[in-house]
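You will see subunit A twice below: alongside subunit B first, and alongside subunit C after that.
This part shows the complex of A and B:
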């Protein structure tokens, strides 16, 4: 007779084995490795919660210490490869294969290990794509997640950094997997229930709070005049003319400059209330002056940001908060919001080629993509109109039937022509291609494809790729704003001049931007301390950003 | 250290009446520009003193574009460069010519 509940039986057997080291659902921190040896089987798909910010650090250390004879060849399916332990498990042979989305701080080491054959790479994903695969072909057998507190039944409170937890738990718990949560504290009653108890099998009380990285704090003191100039170009040349109200910002200094210019330069241009009112965005401290000046109506967040807790609590009109008053973030929902309900993504990158393809992968660094490919892509399933979306669609296809023409999401890449250590932003050939050839990948790791990019902004000007009618025009439009990089100096002067006459390229002087305004005095806050003042003392920056 | 000067013809005299102005700071990756209205009004002179050697071709390109875009006739620019990126140099030169238009 056929058996249809093998997976459930296997799950029950794992939970039973784990119960030997637990009291109810509760496992002592020192027994965490024994728990994992009991519930994880060789070759399992394991999601070790490494989010963009929040890290299940105790559980990753516990997994690293397992007896490799019992637990080995795991297939790690996790959005963030952030902690050294996330890669140490591959060095030790605990894990073999990796599917991920983001690897910020481990980007150099992950590249070395891929070249050294220590890791078998599945694919580099965008967040939403990896989450989607959790429900189709990368469903975890075991999920190791992090929360702020749990009650004795196993209800979890994630605090402001809910991030990926609901998605990971949903995919695991409802498909016969085992869910283990590390918590900072076990309490009688959790402040709010982010994950219901019947989806959680084991709880480990950590001896120290889980690690959270402040990824979205940009010190205004480090913003350059070149970045201020590019920010002014973006506001006057894109935000204003398209009337972009619903948007997502990347995490770089150029977009931080935009946030700090809204209440000053944006105000002067009369754009308040007309642009930048609704965001899919982490709680960026740099947006505080704009919020306090009444620019921003609503923000939904992927995760939280260290130090922003009290400010968010006090500004619940702006942020999404729970019954306990603290932020509720959710990466999957916010990525969906960015894809379908935002009219613009604007962010930086490391390399842009002659057709506008961009990548953060270089031959020595595989940083992953995070959310950028999703935020920075046109949603082909979108059906609701909006002014910026229709205007962009009209520019791309002026002769199309008005009622049948698709709109276009504005996908803007912003940066200075020379980046860190004078490395040029523009290249003839992406390093990602070289990497794909070396590693024999089926697909080069491109972050945003050129056909999704609508504008590129540098200190030299704006290239509007929607108005380009051939790949040759596209190339010259890009060269025409690539400054004194080799790509920029290889421009065809006559063609660039014609593109400028058509408004495909617009220089600061074409937009009436006075270079004297590109001065740090125009920033609404010039230091972290200024931001603290704007927040009325509610924002509490992490110590590494305190220099007063 | 490398010193050189570039002389260009300008289409028209620079705007404003100010005699002299200074923008920027001497610092690593930055530069200071002293601008004076002391050369014939259809000419422009740029004197460069830089800590970064071997970038003559880029300086030529940056200064030629600047003269083409801003037509700073009658102005002499003395640059004290701490290895600034070309985009920073362009911005400072543009700021200098605009500052000469501002009443004191």
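This part shows the complex of A and C:
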């Protein structure tokens, strides 16, 4: 007779084997490696929870120390390759294949290991895309996750950094996988249940709190006048005219400048209440002045931000919070919100080519995509109308049938023509292409495709690509705002002039902006301490951002 | 892009952040209105002779302005470093301008000098010239003081007052510092590189500020006045210090030696600034970094009165 429950039986056998080192569900931290040796089989798909913020760091270290004779050739399917241990497991032969979304601090080493053949690369994904594959063809056999606390039954409290945990656990637990959680402490009753106990098989009490990176804190002291000018252009030239209320911001300094200009420059333009009211956004400290000034109505978050806990708790009208009062974040839902319910994404990048394709990959670094491609992509499945979406659609296709014409999400790339270390933002050919050729990839790692980009903002002006009618016009519109980079100097002066007359290119003076007004004195906060003052002392910045 | 703007041009001294302001804005708002007269100004284009070798941009004033003006109706000589040009670092021309100003003060004998420090130390691209400049400036400070000129340092810029700047500050008659101001010789990264992260974690900014920042320098007695981060506050402090600072005698140096020996004896075994503040009798030393300016000044005045017969 055919057997249809082999996976369930295998899961039960793994849990049985693991129980030998556990008391109930609870495993001592020193037994974590023995637990993993008992429950992980060679060739398993393993999700080691980690993204751009929180990390199951104890379980990473435990996995690294397993006996390679027992556990080997794993296929890691995880959001973030962030800790050194995430790559050490490949050096040791514990793991062989990798599917991921974000690398960040390990971006240089991951490139080296790919070139050296130490890692067999599946693909680089967006967060949402990898989550989707957890339910189709990359379902984990074992998930190693992180939470703040657990009760003895195994109910988990993730705290403000819930992030990927519900998605990872959903895919693993309901498809006969084993879920192991590292927690900071075991308590009698958890403050709220983020993951119900029947989805968790083992709990390891860590001797120190799991690591969380404060990735979304931008010190206003480092914002330059060039960034302030680009922020003024974006507010007056895009936020205002399109009436963008629902949006997502990237993590760069230009968008931090926008956040800090809303209560000052935005107020002067009379835009309060008309733009920037609903966000899919992590709890950016730089948004505090705008929140305190009554600009922002609601924010849903991918994750949390270190130091923002008390502020969020005290501003539950703005943030999503649980019964315990603390933030409830959820990366999968927030990515979906950013894709379908936002009318604009605005963020920075490292390279933009002549057709508007952009990438953060350079030949020596593979930073991954994180969430930006989902934020910065037109959602073809979107069906609900909104003013900015319809207006953008009309600009792209003025002759189309009004009732049949798709709207467009505004996808805005913002940056200075020469970025960090005076590296030009605009290039003839993306480094991502060279990397793809060198590694024989089927697809170059492009962050945002040119056909999704609607506007590019630099200190020289705004290029509205929706109004371009040919790839030649697109190229000249991009050259026309590329400043003194080689791309910018290669412009056709006559064509750029005609594009400017048509409003495809708009210079600061066309928008009534005097570049001399782009001064740090118009930022609502010029230091982290100013932000602390705005928050009434509720925001508690991590030590690395303090200058007192 | 221009660093001076319409807003800054009209903002009065009380509303303008010292930390944010350019050297020129600081000088303009610190002195009596329209009283500044620059020596060897940018129109002379006395640029660094070394930077072009490294294909680095020059600045027409080489990152420092020196000149003459009036403060509260009295004549002063003044120098201000521009921290946004090469971190305010000392190069050959930069150093020569300050040396010349101090020698003028020596020759005049009675006119005080204000030095608005904002520097990371010696410019590495012209290190020999820069190191020589530091030595010349230290000598010039002492000669000016010996001739009867008071030399007051004002510290609260982005670059802090590091390297040779820290040595020169140590030679001044008195210093005023804001919370943002940092005074030291070796910078945080240098200490970490040479002695390890266990000795000093340069990325722990709270540690950097409580070790090198204005509050600690005031509590330790290295800075004579602690001020709010406005140009007006620095102006007020400069006027008070010019009033209070004593002459420069052999006894000044012996008193200073006594003060430094006592400091080493009392706090030499402290591992952290907070231990020093506790040893000094600050009630809640851990709360010092977060104290607002006025409350901190009250605490500092309570535990450490500054004696003006040292330095």
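Methods note: the second predicted complex is superposed on the first by the 548 of 548 C-alpha atoms of A that agree within 3 Å, B and C clash if a C-alpha of one lies under 4 Å from a C-alpha of the other, contacts with A are read in each partner's own complex, and residues count from 1 in each chain.
Just so we're on the same page, contacts are C-beta pairs under 8 Å (C-beta built on N, C-alpha and C of every residue); 3 or more make two chains touch, one makes a residue touch a chain.
Everything numeric here is computed off the predicted structure, so don't read it as measured data.
Q: If subunit A is used to align the two complexes, do subunit B and subunit C fit next to each other or clash?
A: Aligned on subunit A, subunit C clashes with subunit B.
Q: Touching A:546, do we find subunit B (first), subunit C (second), both, or neither?
A: In the superposed model, A:546 contacts subunit C only, not subunit B.
Q: Identify the partner contact of A:489: answer first if only subunit B is touched, second if only subunit C is, both if each is, neither if none is.
A: It touches subunit B, and subunit C stays clear.
Q: With both complexes overlaid on chain A, does A:225 touch subunit B (first), subunit C (second), both or neither?
A: both
Q: Between subunit B and subunit C, whom does A:518 touch in the aligned arrangement: first, second, both, or neither?
A: both
Q: Tell me the contact category for A:174 with respect to subunit B and subunit C: first, second, both or neither.
A: Once the two structures are laid over each other on A, A:174 reaches no partner at all.
Q: If we overlay the two complexes on their shared chain A, which of subunit B and subunit C does A:418 touch? Say first, second, both or neither.
A: In the superposition, A:418 contacts subunit B only.
Q: Return first, second, both or neither, reflecting whether A:509 touches subunit B, subunit C, both chains, or no partner chain.
A: first
Q: Just checking: does A:135 make contact with subunit B only, subunit C only, both, or neither of them? Give me first, second, both or neither.
A: neither
Q: For subunit A, which residues belong to both interfaces, subunit B and subunit C?
A: 225-226, 229, 514-516, 518
Q: Quick one: which bits of subunit A touch subunit B in the complex? Just the residue numbers, please.
A: 224-226, 229, 416-418, 422, 458-460, 483-484, 489, 507-509, 514-516, 518
Q: For a test of understanding, state which residues of subunit A touch subunit C in their complex under the given definition.
A: Within the complex, subunit A touches subunit C at residues 221, 225-226, 229, 514-522, 526-527, 543-548.
Q: In the complex of these two chains, what residues of subunit B are touching subunit A?
A: Spelled out, the residues of subunit B in touch with subunit A are 58, 61-62, 69, 85-88, 90-91, 94-95, 98-99, 102.
Q: So in the complex, the part of subunit C that touches subunit A is made up of which residues?
A: The touching residues are 1-3, 5-8, 11, 17, 19-20, 158, 179-180, 203-209, 213, 215, 289-290.
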